[in-house]
Amino acid sequence: MDVKETIFKSVFFAASILSAGITLFILGFMIVLALPILKQGLFFDMLTGPWAPDHGLFGLGPMIIGTICIALMALVISFPVSLGCSFFIGILNPRGLGKWLKKIIESMTAVPTVIYGFVGIFFLVPLVRELFLKGSGMCILSAAIMLSILISPTMILFFVQSFSMVPQNDLNAVDALGGNTAQKFFYVVLPHSWKGMLTGIILSFGRAMGDTLIALMISGNSVAFPGSVLDSARTLTAHIALIIAADFDSIEFKTIFLSSIFLYIMTSFGIIMSRFSFKKRKTINET
Amino acid sequence: MPMTENIKINIKNLWFYYNDHPILEDISLEIPQNTITAVTGPSGQGKSTFLMTLNRLWESIEETRIKGHIEIRFGSDFQNIYDKRYNVSDLRRQVGMVFQVPNPLPMSIYNNIAFPLKLKGENNKTLGSFRVEDALKRSFLWDEVKDRLNEDARALSGGQQQRLCIARALVLNPQVLLLDEPTSSLDDKSGRVIEDLLLELKKDCTMILVSHYLDQVKRIADSGMVLSDRQMKQQW
Amino acid sequence: MIIRNLTALLIFMIMLFFLVAGNCFAGELDRFKGEKQVLRISGGTAHIPVMKEAAKRIMTFNPDIRITIAGGGSGAGIKQVGEGLVDIGNSGRKATEAEINKYGLKMIKWAIDGVAAVVNPKNLVKTLTRQQLQDIFSGKIANWKELGGNDKPINVYTRDKASGTRSIFWKKALEKKDITSRANVVVSNGAMKTAVNNDPYSIGYVSVGFINDSVFAIVLDGVKPTMDSVKQGQYTVARGLYSNTKGDVKGLAKKFIDYLLGPEGQKIALEKGFIPVS
Amino acid sequence: MKPEFFDRLFNYFSWGCSILLVGAVLTIVGFLIANGYQSLNLHLIFDDTRPLDAIFLKSQVFDGLFPAIAGTLFLITLSIIVAIPLGLATGIFLAEYCPPKIKGSFSLLFDILAGIPSIVVGLFGFCVTIFLHHYFYTRLFPCLLISALSLAFLVLPYIIRTTQISLETLPLSVRLTAPSLGATKLQNIFYVLLPSSLSGILSGIILSIGRCAEDTAVIMLTGAVATAGIPKSVFSSFEALPFYIYYISSQYSDNSELMKGYGACLILLFICISLFVFAHWIKKRLSQKILYRP
């Protein structure tokens, strides 16, 4: 009996070590593969320089800028909309409609990203092209709009969850004092929930940055530093998808490991930050 | 000392900590065989915890710690139940426990009662069904459920569920039975049935009963203890 | 009597021969009888329509064969066949000396193709000189107005570096002049055609085999890129379509390539818009 | 006066945003349905082949979605087979055995794994394959198995998390029942704790299936190709629905192919939404049944 216990415990433990090991192994493997170019000491140049393989320039600068621009812009579009929707669900909830909106938003999490990309190409891109009369429509704006729809459920569900953690007593107090909804939000809800909201924002940003298909399909993939939101741009994820066809021994190919490392570190950093803000909140509640 | 012959449980200098806060302080107690010892006192003072020290169930709860000595006499010798070599599963088969809220498992009535046998690895079907029947009879439940042993145990009434849980604890013939407010979630009538049952069980078991109801304690207990301010005091 | 019988036999034999010879077109697939393997093909995206059609006919004839076809571009085709990841790696350019020596590649050319600059059919600009083309792709000319078209910015589309189509177009049409970094990048000939068809102000380049009425092929220096002009050598932005194997061709890969080079394979190539080699 | 104005503004803003988002979703779904409903028929899936012949592999489907749907199903099955035992075992370890000190670092690692962009996981799978191909086994290519393993890593954190949380949130009364009857820790886990948290775990698994069905970035790097037919073994390349949609969107050759793309979108959307609804149903129904209390 005891032997069985020990065997199973070790099996469970081994599984955990394996699962955790994969996480670290992915990073380790990428670093090992990127070593040849890391060794040349061009790390910083590669992160900022331009991309012109015909001239021997393999900088990831345009892709990093592209990634950040698209993800940030998606966030900028998505944030107010998500805020409005979470007010609707969490605070206004007119005639119980909030519950239904929440259901719709939850089911949005199941929509495949490739479908957003598909609709982006055939619906949004021509629209943007005709509306702004500039460029091909494959641009930062189009990608950001589609991404903002992709990330808004994450943000809304986090916002709603943080709103629901506000003590009912405090809300009742404002009601008793004759405060209106807006006051209730600014004086009670926001101070209680901004950290949870921040977590939602950070995680959504990570999701926007990590998505491949939408950017690959509708942002145009040019390798220039973008100058406006109507310019075509390439994200790091799309860069990996495009360069995967190149010769594995070339410097070009090695840059995608650098892209991976960059993405890995950025998302991990976001997750560590979000955990940090969650922890902080917990201790505040306890004291 | 003629009394030692009859002592079943011997507790010496028992301390218990939760999150490094002491819950029980230096408790020493002797509990005689085939009696019902009642523990009363304000709620939230660690009465349930006290019961759990007797079958080491607290070990499943995180951030808890114990200090002291508990011996139970199985057969002729006292056993230190916190001895490293002592098998905790064996202990819990000898020291049964019934909880405040009936906790039937999501399975049939029969399987609920037979569950401890399955855990012990006893696979003899005929002997098993005999013991299940016996346990149900001893807990006054047989007549009510004998025709529906394959039904979901959770469909029973609250009182029946609690008797089912007692039967489940009895199927292994424990020598000690720990009862954590067994009637508090039941109506008076169901409670009375359980009380009668406990009196009947006294001939086989030594029982420790945590209860809120002083009248209940007076009706069935042989001795009464009060647990308050982390101290245990004999009341009568 | 005997002679008459012999004559009858002879006539019968001759008839049989013609019958068999007449059937030999369908009989080309016979070589795939009894095969059960998987044939893995990747690389040049211009080749895909021909590969798909050939694969469809072969797998219909013998459902035990699996032929998998992936794109990736000529660079990927050469690399993957060299590394042994696929059985046949297609390329729309010749493998370089270095590549051939490194992997021991065998190149088989089975069709000739041109690469044409294409614009949306609605575009008013129909002809360009090489100089204009180079200026458009380098970004010097940025508005269709400068070329007599509408007052719209030019959206340049290009391919990634693994593309054989790109390397031929860059070498022979752009004469190795720069391609602007602002150009949108697409992943295949098919994707280029789709993108140009969807964007009225676009310019890109595709294999001549891919041209149909969804895109308009620019008349370059007075020569319209068509199968004929490529064949006659008037349109010079041309190249071979190759299938490469590692070492000598053998097994199912050999049968597949033989089929491509045979009458039926060549007919498929012709139907898909390429110029047969035989 | 002024507070009321803000109140009204607040109201309008909330309504406006909600209508905007719901409108966007309806536009997306409506656009797909309006363009794709005509192509939804058996011909879309089986082309000219007879459905039964295709299903029993008597003849191959060339221009239909059948190979892509089959590929996606194989992919899901394989990756779930890998991910479930690993995820369950890890989740059990975290909830029941893990000392609190290292629990934090473990869950941080799994959160990071959940956050890694899927294309990075795909690249990892691709590179490991090339590495193995180069140094150990030359018959190994990017294939169904590699894609399934990479996807398994991708969904692993979901299964770990739901298992861990379902176990940890079980009430103490459930947790202590079996031990009080003499159950060992292992018996408690297998006889009581796992069955009681089944609904949570199952819905986590179903959501992971949805994730496997929709992911494109991983498979396009690890073995999904344009034409493959029904995969013969786990070492073959394969077709998959999401990859098909991506492929068609960038290089359809004529309108009928584009129509198939719309059809494929509708089928994939239907599969994913159904899985999602199913997961919620299971969570609700099973928890009512299993966690029933009088």
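Order of writing sets the chain letters: A, B, C and D. Residues in each chain are counted from 1.
Here is the rule we go by: a residue touches a chain if its C-beta (ideal position, glycine included) is under 8 Å from a C-beta of that chain, and two chains touch if they have at least 3 such contacts.
The model shown is predicted, which means the values in this text are computed figures rather than measured ones.
Undergrad: State, to the nearest whole Å, the distance from the C-alpha centre of chain A to the C-alpha centre of chain B.
TA: 54
Undergrad: Based only on mean CA positions, could you tell me how far chain B sits from chain C in angstrom?
TA: Centres of chain B and chain C (C-alpha means) sit 83 Å apart.
Undergrad: Centre to centre, by mean C-alpha position, how many angstrom separate chain C and chain D?
TA: 37
Undergrad: Distance from the CA centroid of chain B to that of chain D, rounded to the nearest Å?
TA: The answer is 47 Å.
Undergrad: Mark out which residues of chain A touch at least two other chains, giving numbers and ranges.
TA: Within chain A, the residues that touch at least two other chains are 1, 121, 248.
Undergrad: Which parts of chain C, given as residue numbers and ranges, touch two or more other chains?
TA: Within chain C, residues 71, 83, 186-187, 195 contact more than one other chain.
Undergrad: Could you tell me which residues belong to chain D and also touch two or more other chains?
TA: Correct list: 130, 184, 250.
Undergrad: By the document's touch definition, which label belongs to this structure's chain graph: line, ring, star, complete, or other?
TA: Graph shape, chains as nodes and touching pairs as edges: none of the named types, so other.
Undergrad: What pairs of chains are touching here?
TA: Every pair of chains meeting the touch criterion: A-C, A-D, B-D, C-D.
Undergrad: Which residues of chain B touch chain D once you look at their complex with the stated criterion?
TA: Chain B reaches chain D through residues 55, 57, 60-62, 89-90, 92-93, 96-97, 99, 101-103, 105-106, 115-116, 118-120, 154, 157-158, 161, 168-169, 172.
Undergrad: Please give the residue numbers of chain A that touch chain C in the complex, ascending.
TA: 50-54, 62, 121, 125-126, 129, 133-138, 220-224, 231-232, 234, 242-243, 245-248, 252
Undergrad: Residues of chain D touching chain C in their complex?
TA: 57-60, 62, 130, 133-134, 138, 141-142, 225-229, 231-232, 236-237, 250-253
Undergrad: Provide the residue numbers of chain A that touch chain D in the complex, in ascending order.
TA: 1, 4-5, 8-9, 11-16, 18-20, 22-24, 26, 29-30, 33, 80-85, 87-88, 91-92, 101, 104-119, 121-123, 149, 152, 180-183, 185, 203, 206, 209-213, 217, 237, 240-241, 244, 248, 256-257, 260, 263-264, 267-268, 270-272, 275
Undergrad: Which of the residues in chain C end up touching chain A in this complex?
TA: On the chain C side, the touching residues are 71-73, 75-76, 79, 83, 152-153, 155, 157, 160-162, 178-187, 195, 198-199, 201-202.
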